[in-house]
Structure formats: C-alpha cells, structure tokens
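Shared between the two complexes below is subunit A, which has subunit B as its partner in the first and subunit C in the second.
== the complex of A and B ==
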C-alpha cells in the first residue's frame, strides 16, 4: 500500500506544481491531460490497495479519480482559446487546466499523504497541511513577484546623486553677443533627481505626527480616564469611523474646502496657507494645489485613530497596583497620570507613532487629488508632494504633459523601491517595539 | 488654628482640582475633534451633493451613466464596487483564514512566529506599490490568459473585437491586487479572533479524543465565527475604501452594468475611482464641471452610508464576541 501511496503522492504533487506553473505560463499545454490520466490511474490503484489492505472502501478517493478522468476528457475536448458566451476577452485553456489541476491535486495530495503515513490520527492531522499551505503558496508567489520586480528594477536605478539632487528643468533666454549684435539664445538645464519627493515624504511624516500626537493622546486619555461607558463608546466609534470610511471621502471633503478657497478673488494669507505657494527661480510666484500643512491635517485624520488606540491600550495595560500605589501615597490623579501612567504607555505611543508615520508615507488616497510635482520646493507652505504621489503621477502625469514625468517617468521603480524601504523599515521598527512591550508585560 | 489648616487644605484642594480640570478640558476638546470632523464631513457631502440631487433626482439610481445625454446613473459604479470586493474577498478570505490557522493551531516550531512576522512586514507595503504593479500583473497574467497574447492580430479579430478585450484594466485585475492589500490586514484580525477562543474549549475537545483538525472545524472556528465575520466586515470596509489600486487597475468610468452580470473581465469602475474621475483628478489640469463634482460628492455619500452599515455590523459582532467569552 505504501508504494501506491508514494506513487499517488508524487503524481498529485506534480499536478500541483503544474497547476501552479500554468497559472503563469501558457506553453505547458501538452502536460495536463496525461498528468490527469496518470492521477486517475494512481488514485484507482490506491483505492484498490486500500480495499485489500484495510478492508474498507473509501468512496471519496474513487470520486476524485473519476473527477480527474472527466477533467482530462474536458481538457482534451476544449479548444486552445475560449470565447463567445457574451464574455469579454479570450480565455486561454491553461487557466482552466490550472484550476482543474489544483482542484483535484490538493485533495489527492491530502489522501495520499494520509495513507502514506499509515492512516493514524496523527497522519490525519499532517495530511491537512497541503490544503492549508497551497493557497498560501499561490498568494506568496504573487507577493514575491511584486517585491522581486521592485527590487530588481528599482535598486539599480537608485544612486546617491538621484537621492540628493532635486528635479529641475528650466529654460531661459540668454543674451549672447554675436558680431557686435545682441542675440537671444534659449538656454536650458535639466537635473534628474528625487530629492523633493523624498523630502516631501519626510515632511509629511513630521507634520502629521506633530498634529496627530497630541490629539491622539488626548483622545486615548479622555476615553480611558474620564469618559463614561456611553460617551467613550461614541468617541471610540467615531475615531474608528474616521479610519474606516474611505480615504477618498476625506479627499473630496478637502477638495471642496480647496474649491471654496479657489473661488475667492482676493489672495489673502489663508489662500497661501491652504493652497501653498513657491517661487520659480526667475522670481514668479506660483500657487500650488495644496500646501503640506493642509494635506497633513487630513492625513493626520488617518493617523489619530492609530495613536488613540495605542494610548488607550497602553493605559489599559497598566497594572492596577502601580496606579493605586501612587494614589495611596497621596499624589493627585493628575500627577499619577503624568508621572506614572503616561511614562508607562510611552512605548505604546511610540509604536503607534511609528506606524502612523508609515501610514503617512504611503497615504496617497488623501493627497492624490491635490498634490503637485514638487517643483516649488519643500517647506510646510509649499505644494504637497511625496514619493507615493510621484509613483502615481508616473502613470497619469506624462499623458497630461507633465514636465517632471516626461523626463523622469522611468524612475517610478526607483521611487517605489525607496518608498518600500521607508514604509517597511518603519513597520518592522514598530513590530520590534511591540515585541519589547510584550516582553515587559511578562516581567511583571 | 483649625480654621487656618482648613483654609490651607481648601486652597490646596482647589489648586489640585483646577489642575485636574485643565487636563480634563483639554482632553475633552481633543476627544470631540473626531466627532466634529465626522459631522463636518457629512454636512459637507450633503451640501455639495445638492446640485446633483436637483438635476439628477431619482435618475441618480438608474443603470446608465452617459454625461453627453444627461444620464447620471450611479448603479453601475455600485455594482462595480460589489464585483471588485467579491473577487478580492474570494481570494483573500480563505487565504487569510488559513494563515491565521497556521499561525495558531497548526503551527510547528517557528512557523507561527514566521507567519506573523511576514504578515507584519507585508502590511507595511502601501497601496500605491500594489497599484503600480498593475501593469506587471497585466502583462504576466491577464494578457496571456484572458486577452489572447499568443494570437496573431488577424486570428484575434476573427473571434473577438479589440474593444471587448480586457486590455487596459479589468475588475479581475483590480480584485487580485486588492486581495493582496487586504490579506496582511485581515489575517491578524482573524488570528486575534482564533487566539481569543478560551483554551478550555479546545482542551475539552482534545480530552474527548478529537484530533486538532476536528477540534478546529467543530470547536474553534464555530466559537470564533463572530470574531472572524467581524474581521471579514473590516476587510470589506478596507476594500471598499481603497481608491488608488482600483484607479490603476480598473479605471475611472462605470457607464453601464456588464451584460453577463458577473463579467469580471469588463471595466466596471467602483464608486471610489468613479469619484476620482468625477472630481477631476489632481493629475488633470482641466477641472470638471460643478455638476460632476457634485455627483462625486453624492457618490461619496453612498459610500459613506455603506461604510457605516459595515462598520455597524462589525462593531455589533465584536461586542457579541466579547460578551460570549468575557464574563
């Protein structure tokens, strides 16, 4: 029986591998039909050997064997390209064969593993792993493709000079004396670099954390310390709602604010504050789409819930003895809060802040309707820009005649690589901090 | 003398009380910021969608969007939202459940820790990176499988027209990329739900002679079902609100409901990316008219209502889950 089980296992694992491959490749059309036939044969042999050695009939194996035979016949009959039936697109046969191979290969692997390990309860447990692991492998390969593509294309593009030079593309007339007559020649410079986008990302992170840290901490303290059951519930719900309602809703609210400001004729300080401005090198004032300050107020609406939740969790995790001990020696409630409770939950708050920074670096759904290309420089009152917006713009900006993207559109993978380093680095940092906190709880 | 002491005590007490109330007021004001902003958002959406309601009326819920003939139906966008979320959840829900199971009951050695760390790292990838990968997935998966990459032009024209091929975006591509975004978010929530099932339940099952798989299927998952479905609701909420990926992979226009209703190879843009299209994305120098912006606000209102429904269900399920296990 072992030999038949090994045979069935080998064939079904081959079927799984072939199914996995034919999700990506179209040129393996010769193999699924014979493999399904072999799977049918091995499953039938396995069924017979189980009948002989265990003296039991396992109908499910024979059902899967018949399914393998039927799907082999179906695949044989199908043309290479399916179309019609009102469905858009031309469906290649390999996607159907991949689905059939996976659908029959997974249970076949489970059964053959079960009988290979001797049909014990322990074998039953182990034989469930292929079912759990195979879908994860499929998804993991998709992630691998993404990360590999970004690193393979983006990392060679990144150089030190790309990081430290801002993008600049200008042309201006220069007076040149030729044969005693002045002659105007147009002169231009072109600098390729991502500095403004990188600085913009960091500025967005800094401004967002400055805005959201006090507010988030305040919400966490109020909900934990002062609010009753009902008020706390309302505040908690609205805080989660801010994060849960889509970013695009926040974005169109911000846009309608911008429209109001756009409508006013007189340029007051408020206009510059909300819209942002900058000077081109020749001295002309240029008004942006929205300033960093304005954008980071809206981005911080996404970060406030994270920090509030982290603060609340930290305050909840403070052991009661410590707080009551502090109150027992006569300190006031407020003194206990500032000297005992808040220092205790400081690591939680820092973790929340780091996660919030990662969120702000990748937050595009808020700013992508109002950010600019960052040629106006980077300060809190100039036009918003970030690495994420650069990547977004590389798809749509070049079509719209955007000068940055016509020269730098091919650098989107470099920008993606840098953004990936920033956000993943911050997330890993937050995870390490979280682990440290978890260890501290264990010590007490 | 006792008077003096009492006075001192009073002043000290007053001082303390005033200090406490200072912190209380400040945090009170901060705690009301989210509520105020939420109300302000709703008011802004309502005010800005007045024009759309005036011109559109009930035809905003019709099944055709065509700006040139003054038909502004948003039903295709709603259907597109449903389709994208359906594709994303069909992929993401089982995979994240399996990941959560692998991290908990079926963990061997460092497998659980490794799964959690990998999910944590993946959760740091922002949505724009998945969106920027849409052309890669198109070239390696959608084009050869669903758009006839290997065929010659004449052979292709015999069986299909170019306009019907999913060449620059499809709901399927959007759903696949969305599911990649959701999984690292969804799986830790399911992990928490499974983890918080009391150990005594499982031990009772083990002591009756059940193995790990039977315990999982018959005890752990049914006990954690409300936590898991609450996590699913939150995952749907994330998919609902995601706008960048669908803008890249599906497009901006939802003009009619696809003819076989579940045709995921067509481009039926969901609500979020239609809003981007309506409100004249920042990348376009030409501003759309006031009417389209207003319709965008109305679509935002629909999105808000749907999001609140899902959030409400999720909150209710969480409360139920907590009541069940924490006496």
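== the complex of A and C ==
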C-alpha cells in the first residue's frame, strides 16, 4: 500500500511539473516522450491501486483514470481536428493537456499524500497543501518568467549613454538636382535615447502627486469627518465608481476635449497650456498633442480615489477617543487634524501615493492617444511622454513597419527594465519610509 | 470610620488651597438624542474645589451629563441641549468651546494617550495654544500632581504607548492638567484598570482635591465613597438625590438610592 502511495505521489508530482512546464514554456511538443511515459505510469499505478483496494472502488479514482486517458488522447489524436477547424493545434493542445494534467495532478498529490502519511487528521490537513500551494507556484512562476525576460533582455541593453541621450528624430526635405531637374529628398537624423522618456515618467508622477494628493486627502477627510452617513456613502460610491472606469474612456474624453480646444482656441494661451508646446532645434515653435499638465490631470482622476480611500481608512483606524481627547484639551478641529489625525494616517497616505505614482508611471491607457516622443522638451507645458508610451510606440510602430519605431523597438525591453526599476524602487522607498513613520508615531 | 477619614482629608486639602477653582451650576438641563430625551430637567450644583461623584445604573445619562459640561456631546450628531450650565456665572453653552475645554478638562473611560512621547503628550495642549511657559517645569509639576513623576522621571522621551494602562490613564490626567483647567471631568477613569493602578489613580484624585473641581462618573461604590465629597444619583435621566457622600451612604432619603447603593434589584 505504501509503495503504491509513493508511486502515486511521484507520478502526480510529475504530472504537475509537466503541466506547469506546458503552461510556462512555449509548448508541450518538446516533452511528448516523458509526458506519455508519465501518463502510462499513472495508469499502471491506478490499475494496481484499484486491484489492491477492489473492495471499495472510489469514483474519484475512476474520474482520475478517465482524465488521464483523455489527456493522452488529446496529446496524440486531436491536433488534426483542431487544424481542420483552422485553430493552431500545437498551442491549444498544450494548453488543454496542461489544464488536464494540473487537474489530475493536484487531487492525485493530495490523495497520495493523505495515504502516505497514514490517513490521520494531521495528514488530512497536510494533504490540503497542494491545493493551495500549486496556484501560488503557477502565479509566482508567471511573474518570475515575465520579470526574468525583462531583466535578461533589458538589462544588457541599458547603458549610461542610453539613459543620458535624449530621443531625437528629425527629417527635412533637401533639394537635389537630378538630370537637370530639382527634386526633393527627405534627409533625417535619428538618435535613440531614453532621457526624455525617463524624465517624462518622473514629471508625470510628480505632477499627478501634486494634483491628486490634496484633492484625495481632502475627499478622505471630508468623508470621514464632515459628511453625514448619506452624503459620505454617495461620495464613497462615486470615488469607487471613478476608480472602476477604464482609462480608455477617460482617454477618449480627453481626446475629444483636445479636439475642441484645437478647433476653437487655436493659438491662444489656453491652447498652449493644454496641448503643450516646444521648440525644435532649428527654432520652429511646435504645438504638441497634449501637455504634461493636461495629461496628469486625467491620470489624477484614477489616482484621487486611491488616495481618498487610503486617507479615509487611515482616519477610520484612529481610535475615536484619541481625537476626542485632543478636542477635550481645547484644541481646534484643524489642530487636531494636522497634529493627531493626519500624522496617524501618514503611512496609509504614503502607501496610497506610491500606488498612485506607479499608476501614473504605467498609465498608458490614458496617455497613449495624446503622448508624443518628447522631443519638445520635458516640462509641465511640453508634450507628454513616458517610458510606458515609449514601449507602446516602439512595439506598435514596429508592427506597422515604421523604420524609426523599428529602431526604437530594439530598446523596448531596456525601457521596460527601467520602468520596472523605477516602480520597484519607489515601492521599496515607500515601505522604508512608512515603517519609519509608523514606528515614530505609533511606537509599536 | 471611613466618613471621618474623608472629612479629615477634606480639611487637610482645604488648608492648602492656592487658587479658587470654578464651580458649575446646572439649571433645567434637558438633552435629546434624535427623538429620545436623555436628561429631563437636571438642576445641580457642583461645588468648587470638591469631588462630586455621579452614580447611577448604566444608560441613565451620567456620561451624557458629563459630556455636556465641556460640550463634547456636540460631536455626536443629532444631540440637542436645552437649559443652562453656568461655570462661574458664565453660560458655557454660549462660550467658545475651545476656551471652555481649556477650563474644563476631561479624562476618558479608556486611556487615550496621543501617539507621541510622554513629554509631547503633556505639552500638547500648551503648544496648541502657544502658551509661553517653562516646558520642563510644567511637565514635572503635571506629572507630580498625577503621582507619576517618580515612575517616569527618566523616560520622558519614550512613547506614551509603551506605558502600562494605569500609567497611561494617569498620564491623561497629567495631560489635562497642563492647560491649567479649573474643572476636571473623569468618565469612569478606573474602569479598565487593575486594583493597584486604581489605588494610585484614586491617590492622585485625592491629591488634586481643593485645587480643582472634580466630577467623576463611576460604577464603583467603594471608589465613590473613597474619593468623593458629594454624590449625585441619577436614574433614567432624572436627578434622584444629591448630597454629601456620607449622608447619601449612611442615610439616603430616597428608596431608589438606598437600593442602588446596597445593590438591590429594582
């Protein structure tokens, strides 16, 4: 019995590993032999275990066997049908058999663990672990693969010169005489660099924080302290709803606003303010697609609810007695707020702010319709740009066959790597800061 | 025997009075929460410099009465107050609540030190009103009055949250003393303390007698007997009886008071 359980455990873990591999690595086609071997072993073990405990055949064991057979059939037989339906058989086969293998492997591991440990209550508890652990392994491995890919591809591309070089792409017509006729030929320079994208990312984060921090904190304080039950509920609901709006809807709104501005306020102060402007190296004034200021207002719409909720939750966690204690000494509401309540919820606000900054750094869904390459300089009134937009632009442009973007495309992993470093660094900084403040004020 | 002790204590503190604390007079006080009437026309005088205990069963309006005296009840939504409360002949319902609360300090049921250092806790009120004074001397005198100086002299910069519950509660008393109030309200201050801490707290209440008018809400008859000079018995929003402590304990006029003090059901 024990040998059967050990065998079953080995086989089920093997099935799990193969299932994981077929999800994590491109396709299962590379592993047909070990997979079929594993399935064959599974069937043998099942047959033996059924033979041993034939007095009570469990329905779960039969289901287990059927699933193993089905996955074997899919692996060998189904691709032709899938090809007939004009579906890429290889990919679908690997996904289906991965799901089946995991579906078999997890309960099988649980069962065999249970019998191996002697069917005690403690064994019952332990045999539940694979159910919890395997999804975690799947998710963690997905993250690991993505991050590994970014680091492995991006890190070697990043060099100091790439970081400090601004992106520049210019083309201008040159008059050339051909066969006695004037002809215009386009001449261009291309300088790939990430400086404006990096600076733009930081500027977007800073501007978004400046806009959304006071507004978000104000909403949080108002809802907690001044709004009644009903009004507070309405505000809380609407901020949550605002959080649920997808960025693309805000982007469309922003775009139509930009069109209106461009149509009615052409070359006015407001036009420059909203659309942004800058000078090309040859001195020509150029109006951008949208300014950093305008873009960060729209990004703030996504960040404000985060900060408002964080502030409100921080204030809620302050015991009512402490606030009343401060008022009972004869201090004003404002003094209590600035000296007791806000220091108390500062860690919460910082967490909210960092989440918001990460949102701003990666807020592609809002700015992808109105950002540019950032050649017009990086200041609040110049054209929006960010690392996220660089990645999008290079990928999208390369697919469309644009030469400049194809060039940029070779650096998209470098940009992704830098974006990763910025957001991770920000999070670490916030955690350190938060712990420091929490220790100082709450003294725990 | 106990009564004579209390009276002797009274004489002792009276001899060392330096300034005259304010007395509070409550006239026809009615309090409503939403549609519920919590207090029905209370008439009461809290004598200056004495300790008055408010006793009564749960839900009879003791805490509401206490919170009316520094207008903390206004923080609760839907609370309405009718009548007059006079602090040295000034109607507190027409005063600036911030100025009022500086004159009428409060200690809460649960210790509520601020998340700051011990020193910062005591100086909080002073710094808030930008009062100019010797900070170190104030900290020392406040902690001495709350019978805490000997325990905490060396660790003034520690967090207040690191103290024991009893020490936290006495720190709250010291904190309310820092802004030099005339009246101190104590809302069941010993309810979350162990016997030893309770004893220390009672010591500091007795030590403050004469210098401050103290009003204490309590469920503990032994405590009321030990620290108070006067007792007010409240029952379902009405003032049933008011008088000197020993009179109330030895010879109450009303049957309800007698039943409550002796612990009978009614």
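The criterion applied here is as follows: the second predicted complex is superposed on the first by the 318 of 444 C-alpha atoms of A that agree within 3 Å, B and C clash if a C-alpha of one lies under 4 Å from a C-alpha of the other, contacts with A are read in each partner's own complex, and residues count from 1 in each chain.
The criterion applied here is as follows: a contact is a pair of C-beta atoms (placed from the backbone, for glycine too) under 8 Å apart; a residue touches a chain by one contact, two chains touch by 3 or more.
Note that this is a predicted model, so its numbers are computed, not measured.
Look at subunit A after the overlay: subunit B and subunit C fit there side by side.
In the superposed three-chain model, the partner touching more residues of subunit A is B, compared with the other of subunit B and subunit C. Once the two complexes are overlaid on the shared chain, A:237 sits against subunit B while remaining clear of subunit C.
In the superposition on chain A, A:163 contacts neither subunit B nor subunit C.
In the superposed pair of complexes, A:228 makes contact with subunit C only, with no contact to subunit B. In the superposition on chain A, A:332 makes contact with both subunit B and subunit C. Between the C-alpha centres of subunit B and subunit C, as seen from that of subunit A in the superposed arrangement, lies an angle of 80 degrees, given as a multiple of 10. When both complexes are overlaid on chain A, the residue A:190 reaches neither subunit B nor subunit C. Applying the stated contact rule after C-alpha superposition, one finds that A:344 touches subunit C and leaves subunit B untouched.
In the superposition on chain A, A:10 makes contact with neither subunit B nor subunit C. Across the superposed structures, the minimum distance from subunit B to subunit C, using CA atoms, reads 5 Å. Counting contacts as defined above, subunit A residues 332 meet subunit B in one complex and subunit C in the other. Subunit A makes touch with subunit C in their complex at residues 228, 319, 321-322, 324-332, 335, 339-340, 343-344, 441-444. Of all the residues in subunit B, the ones that touch subunit A in their complex are 16, 19-20, 23-24, 26-35, 37-38, 40-41, 44-45, 48, 91, 94-95, 98-99, 101-102, 106, 117, 120-133, 136-137, 140-141, 144-151, 156, 159-160, 164-166, 170, 176, 179-180, 183, 211-213, 234, 237, 240-244, 248, 258-260, 263, 265-266, 272, 275-276, 279, 281-285, 293, 296-297, 300, 303-304, 307-308, 310-311, 315. Put simply, subunit A touches subunit B in their complex at residues 23-24, 26, 81, 83-92, 94-95, 121-122, 124-125, 128-129, 132-133, 135-136, 138-139, 142-143, 145-146, 149-150, 214-215, 217-219, 221-223, 225-227, 234-235, 237-242, 244-253, 255-257, 259, 289, 301, 304-305, 332-334, 337, 358, 361-365, 368-372, 388, 391-397, 400, 402, 412, 416, 419-420, 423-428, 431.
Contact residues of subunit C toward subunit A in the complex are 70, 72, 75, 77, 98-103, 105-106, 108-110, 112-116, 124-125, 128-129, 159-162, 172, 175-176, 179.
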